Structure formats: C-alpha cells, structure tokens
C-alpha cells in the first residue's frame, strides 16, 4: 500500500523534506510550491492545481515552518499564488496539520483541525539547536579578523542553545565563558568545564571578550553596560524580537552587532529538513 | 566581627570542610569529630566536650552528609560517642540545620528546626555528579584489562550523571553510546555527538559493549537480557538500592558487576568538601 | 632608548603587525604601504618618501609574506609604487631581511643580506595552521547545505594541517576520518580517536563522505577515483599548485571543488599578524 | 595451509597475544609459558617440552617485551625454567626474532639472527602511549583526594606521551598546562588549546599545580625547584631510570612522588596485546 502525504507551502527545508519523503517511498501532493525547480524533476511528486485537490489525498497536511510570518498568509516563498490563512483553514477542516510556530491554535480548533507544532516538540528544538549553534560560529568566523580559536567568547544564557554552542566553541579552541543567573546553571557550566560568570559579576568581566553571543530573550546588553565592551568586539544576538541588545545604543557606540535569526533554514536547510523529517515520523507514529 | 559556625558529626568531607571554613576565617565549634587527627592540629577549631556547648555558639548547625544511615544515630565515623537522633533534635531546637539526605523532615518541624537538605539543592547535585562520573571512570580503568580509550561503552540513562559521564568518557577516547527512552533525550545525545540508542533497540545492541554503566533507578538489566551481554564485559551499577541489575541473575551468568555507591566521598573527599562549602555559602547568604 | 624597525610592503597582516609593533613601543618606518588608511592615523609610524630613507633607520627590514608572487616585484598591495626586487636587494645590502617564502636566497647572499624566512620557522607554520584549519571549516560551513556537525568528513593527510583540522572538526561534532599512508600516522589517528583509513583502503570508503579535505601536495583525487565520490559532496583542496585534485576531471563529473589557498591572510589577518609578531620577536632575540 | 608461529617467554600481554593469534587461526608453539593457566585450556596452543622443539616449528620466533630485564635471562614470568640468553640465541640461530627492547643486537647478528624490536617501531610506540596515558590518569585519580576534573595539571614534555596525555586530561576536564623548551612545541601546545609554559618560565608557575606529570628523561625537578611545589601536590614520574625527579630531595621535602613505569603491561594487558598483534602482523607482511 502506497503512503501519501500532502505538503502546502514552506521554504527550502520543506523542499528538501519532500525529496526525502520521496526517497522513503512516499507519494507527495503539493500546493504553493510551484516555483521550486528541484521539485519539478521529481517523478513521485504531484503539484496539484488547487489547494482543495492537494488536500484531498491525505488526512495529514504538512505546512510551513513557521506557518505564517504575518498571521494573514501562509509562508510560501516558492508558491505561485498567495494562500490566505482563513481559506487554508477552511480547506483543511477536520484534518491533521503539522507545521511550525503555529500561533493560531484557537482558530484551528474552531475548524476542528488537530495540529502539532514542530517548534514545540522538545526533540525538534534540540536538533534545531545544532544548526543554530553552527550558524552562529560561521557568523563569528566571517565577521571577525581573528580566529575564533584562542578568542575569549562569552555565551549569555545556558539554555538549549547556550549548551550546544559552548560545546562547539570549546571544541574549536575558543576560551569559553558562560553567563547564567541560577546557581544550578553555574554548577552545570563548571561540570562541563567552561568558565562560569554569574550575572552579578558580568559587568566586571565584560571588557575581556572578543565575541559576545546572546541567547537570552531579555535586554541585558543596554545603556552603560555597553560602554564596558571592547570597541572591536563582535556581538551576535540570537534572541527573537526585540532581541537582547539595545541596538540603537550599540550603534551610538559604534559597536558591531549582528542580529541573527532563523539560522537553521539559512545555513543548513538539508540538515534542518532531516530534523523535520525525523520529528514528522515520530508524530505520524503517534497519530 | 568573627564568624562562627557549629559542625556535628560527618565523614572525611566534613573534616576537609572544617579546614576550609577555618582558612576562610570561621571559628568552628565541633562535636562528634574527636577522632579526626587532622582537626586536632587546627588552632581555630574548638572541639567541645558536649553537644550542648558546641551548639550554643551558633544558630547554624552543619550536620553529616547523609545525616544518618540508620535513622537512629547521626553519621559520625570520627565521633568518640554515638549521637542519638532524638537527642540531637532536642538539642538543636530552634536552630538551622544544614545536612544531606535529611529524611526526618516531619520530626524536625516538630522541634521547630529549620533545615536545608544539601542533596536536594540542584547546584550541589550537579557538582557531586562530577566526582561520581570521575569515580566511575576510575573503577572502569581498574576493573578492565583494556584501556577505556577505544572501548565501546554504554551509558544507560541521560540524566545528570549520564550527561557528565558521557562527556568525560568521550574526552578520554571511549566510543560512547547513550541509552534513553525519551525522543528529547535522544536528540540531546545526538547534539552532544554520542551514539544514541533508544531503549526499544537496546537488546540488539547489547553485545557490542565492553563496559556498561547504569544510572537508571530501575532494573533494566534482568533475565534473558543479561544473556546478550559479552562474557568479559564489566557492568558498573550506579543506581541506589535495589540497583539497576539483577545481581543474582548476573552472578549465575558469571558477569562481573560492580555496584558503586557514594563515590564522591570515596574518590574525591576534598573536591566534595569544596562543593559542600560552596553550597553552604549560598545557603548562608539566603538565610 | 627607542626601538625602531623598518617595514617594506606587505598585505593587511603586515598593516596589523605595524599597529601592534607600535603599541609595543616601536617606532616604525615604512615604505610601499602608502595606501593603507589604517596606518595614516598612527602617530609613531613614519611613511618615508623613499625606500632608501626607510631602510636607513634600522638594520632589520621586515618584508612581505610572501616576499614576492612573481619573483620580479615585492608584494605590496598597499604601495603607491612598485618595488623592483633587484632594486630592493641593492638598497638593503648588508641588512637583515625577515619575510616569508623567500625563494631568492642565492641572490640575497650575493648582496650580503642575511635573511630569515618566517614560513620556514616551524613555530610560525604551526600557528599558521590554526588559521588555515579554521578557514577551512568556515568554507565547509558556507559551501554545504548541511551542518558540519554530524557530517562524515575525510581529512586526507595527517601532517600539521591534518592534525589541527581533525581536532577542530571533531570538536564541532563532525564524524572525522583521516587518511594516511604510514603505519605510524595510522597509530596517531587512533590515539587521537579519529577513524583511520589507510591509503590502500581509500577507494572502498570514498562514497561515504559529505566533505573531503585534501592537505596532501600530490594528486590523489584523480580519474576513476573521482567516480566513487558522492555527487553532492564538497571537496576542499588545501594543497598548493597544482593541488591534490584533477580539477578538469572533477568538473567533468560535476563535483564541487574549492581550491583554498592563503587562508590565514584571508580569514584571520589579525591573528596572523599576532603570529608574525610572535615569531618576529623570537627572531629578534636570536639576532 | 595452516599458519604457525613460535612464542617464547613473556608476560600477561604475550599470553593474551597468543589467545588472539589462536582466534585468528594460528597454531602456536610455546616455551617458557608453562605456568599460564589461561594457555593450558587453549586447544590449538602446544606447549613444547624443550626450546628446541618449540623453535623447530616456525621460522619466526616471538619473544618477550622487553626481551630481558637483566641481560642474562629471557623475561619469562610464566616459565617453569629460566632461559639463558646465550642458549636462546644459540637455539634460534638463523631465525627471525620479534621482541621488545632488544639491546643485544650485536650478538644477535653474530648468530645470524634477524630481529625486529617492537619498541623501535614508531607505530607501536604511539599505540603504547595510549595505555601509558590512561594508566597515568588512573594513578592521578587514585592518589589524590580531589577530582582530576578542575585540577591544575602540569605535563612536562610535549613528546608522544605528553601529547596523548594532555588530550585525555583535557577531555576529562582538567586545566592542562604543558611545559616545553622549543618554540615549535609551544606553538603546538597553543594549537591544541592547552596552556603553554616555556621551560624558562617554569619556576614562577610551579606553585599552582595539583598534579605534576613528568615525561622528560632528564632531571628537571631537583633542588630548590622542589620548594616551589605545593605541599599537597602529587608528582607522577614517567621517565625511565634515573627518572626526572630527585627522589631523595623530594622525600626530604615530604613531597608525594610516584614513579610509574611499564604502565601498559600493568593497566591494560589486553589492549597492549592487541597493539603487539597489530604491529606483529605488519612485521610479518614485511618479511
């Protein structure tokens, strides 16, 4: 018996995902992916002329990660036409939706759509962290005139991203310092062999870093604290809007700040697609 | 103003702790530590003739880690006399008690004793993990005729101990496999670069390990599963009573099982004392 | 007593070197660096109108790394005028020359010029290796759609660059395989914990690599061997002219080959300048 | 066609080697190994009543590692009778001898015995280093009351053992300092990410180390330099006779010195046997 699945919209990661599903024996029906040249050449992928038709072949619909960036239309950079969110929900009534960063849960429930948000799956978030960490290191390499090896690097926050980032930075020879607020995290930082800096002692240490990477969704790098940072340091901010750095104040001080979001899709679409696939299969098993 | 503190009972770690408190400028009053030669030579330590007197000098009393091993008497391997738990509580009425593995919380409350269990402080548990992991590696080195470097090592469970142990084993060149049950943990194992083995696939992999280390407080290594293990493998069980291995079944199969408990006190009393001190200071700040 | 030194020609690394010499209290006289804006603002740097004048202030002349790329003129990307090699030698007669990749030793001796080739100093070569390795990893990150973490990476050759590269790749979580020809190197690869592949077994393993990095100055990746490589693999060739890959044959097979030379100057001019400075000071001590 | 080989004398590693040769299909003839219980049970091993008979079955004779510890008799801890070296040479006239630490090359040549010294094979020395490094770490764990994790550890000498030891120590979380004399080695120490200490700066740094490991066959730890070392430090000396520490002077100062030799045979006879086997096979191929 052939397995089939419907995919609507999405970026390069979703295109790669479709190729992989294809290799694993899935027949894939798509919509809003018409401009992807890679998909045109795949035999077992059927680009449907309408959303209705695409959706009719499977009870599971895979959508974009994130689902929408403006809460009005589906994210569909490869789509020939826009897909209105309301229309989308109307059409997939009663189906399963698997997508990322779904912020319209209430509405989906009204349409009797069961959904799973990939970005809320811990397993996916952890895997995604790998690509984020690696993308951050790539930026650090590109934006500095020194080697990261031997540089003093501060990682602010010791959550998922902080942990993986610290390991990789240490692995290429950086001198890694990790900032945290909780005694428990300070213990972990010691256990992993990095240099711990308690938030209370941040200010007196700030002047030694060549690279500062923020992962905390809270503006800690503001005001006079910015005066403590080396003039030729590079700050990479991974926190989502509004970010962890007062960017205006940083600009006034001529500090170099790079605000880096959505790294997995940018630096490693293929690996990201594999992570989505892996999580998707776990979800399908659970259905 | 001099800082003073009272310490009652405890093992070599507590003795080392007292030396450190001493160096940090504390006047320490002790009881039930009379047979420690190291303390006899320390000027600022006063061994009191009675528990009452020792307790009278400070509102904070530091007790053993663990507090008691039989729920009747205080753990006091260096004490000249036994200290009955009831008598102890009666005497420290109204004070603060800081000790480890305090299982008599209800009774303490009756005596109006406020207490903090060091072993319940996440920061301490994490630090303790370092000594446990290192002690485990020492055992693995001692009990095998091969180098751990290059050996196939299975770590069962990816909690605190599993995480630190895997990092160290990888660091000395072992081929590290980590077993876990949750998809999230499997993701972490990948992120850290070890070989993940889902519990569901444990059996088909068991025959390749030279060293198996269990950290799970649940008997997974039982019955016919034991038949899958290499005859010359070494199993190190870190789980508390009853442990994670059916020891009788293992003995019948001539498997070498080492049940290793309380490693920090045994292999690194000095480092453990430092961890206790660090946590103690955090607690004192919070009082 | 003021220390003074003359610097003639050179790229961004030499500019950074001058800034550092300046900070260390050196008075620096330059020629053929007129177009460097960074130097214009440095008080203690004196840009001399003629080569003769610049050279007159110091018995040690620091030249470009490499000294010349065409064996006719000095490498001087920031110079206003060309400096002819013959003229250069005539002018620095009887002095000490410190530069890189000096291939005209015979002629220098005729002019009674003592010289030291930085690139022949083992200490400098090793430090340079750090920047080369990191630049290679940056390229690998930029040129692939996957994370290097988790990728199968082959490093061909286990000399200086191979050793440092393997360590860093392993450090960010790649699965590292090292190819070597000598039993001794195979032993080292095992000791460091990477996967050894003897040259004799290269062909049967070639199909598993996502990234192949060649450090061997000998064309091993030629002819039908190229057919064994994955179609979407990325090959990074670090060997100098003619390189280790038959580029025409690779192009015919649609393989992606990046020929990456002079990475230290490109990816980490500041760190490279530090390495030059460190070696320069060792040399000055020995004079 | 059956492969056969003769083995005379040797310690537990040679016993394990014989078991492995056996598994690989070799018929093994032995002498001076009569007291090994493990060998008694192996079908395909034939313990010969005389050296003559054992030697008669194969043109290759494997001897002990090291061949002799007193230059008079063969090392044969499992032998029922002593084997005189002269008698041994007389008997294996015209054969190939493969053993370790053969210091009687001149005499062997007189008897027309071709020989290969395993300990002079770079590939074997490197592999042996793994076991030496791991054994050293085991000793460090056993002889200190702290965790090696977090300790300041000095490795003196950055040769084969220094390199592997530094990597493993770093891998379990020690703070690793490496002492060297040559600029080139200092560069390597930086490239690998350890803290370099030039011999010229050793004295001013000595007081910070918890563990000092010497790999240099030269007495650097002598006289007043010993006064600079922490009283509770542990010194592990890996250098052969006379070692790198003035042991009398150290004893006078109450310093703890452990002189650790022949670690591979002691801590990992099985792994060592594998290394011998691997090298033996390379040698056999070359014959």
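Each chain carries a letter (A, B, C and D) given by its place in the written order, and its residues are counted from 1.
Here, a residue touches a chain if its C-beta (ideal position, glycine included) is under 8 Å from a C-beta of that chain, and two chains touch if they have at least 3 such contacts.
Just so it is clear, the model here is predicted, and its values are computed rather than measured.
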{"item": "Relative to subunit D, chain with the most remote C-alpha centre", "value": "A"}
{"item": "Pair joined by the larger number of C-beta contacts - A-B, B-D", "value": "B-D"}
{"item": "Between subunit A and subunit D, centroid-to-centroid distance (C-alpha), Å", "value": "51"}
{"item": "For subunit B paired with subunit D, centre-to-centre distance based on mean C-alpha positions, whole Å", "value": "36"}
{"item": "Separation of subunit A from subunit B, taking each centre as the mean of its C-alpha atoms, in whole Å", "value": "38"}
{"item": "Residue numbers of subunit D (touch at least two other chains)", "value": "130, 149-150, 167, 173, 190-192"}
{"item": "In the complex, subunit C residues that touch subunit B", "value": "149-150, 173, 190-193"}
{"item": "Footprint of subunit A on subunit B - complex, ascending", "value": "121-124, 126-127, 129-130, 164, 167, 183-184, 186-188, 190-192, 282"}
{"item": "Residues of subunit C touching subunit A in the complex", "value": "16, 130-131, 133-135, 137-138, 141-142, 144-150, 167-168, 170-173, 267-271"}
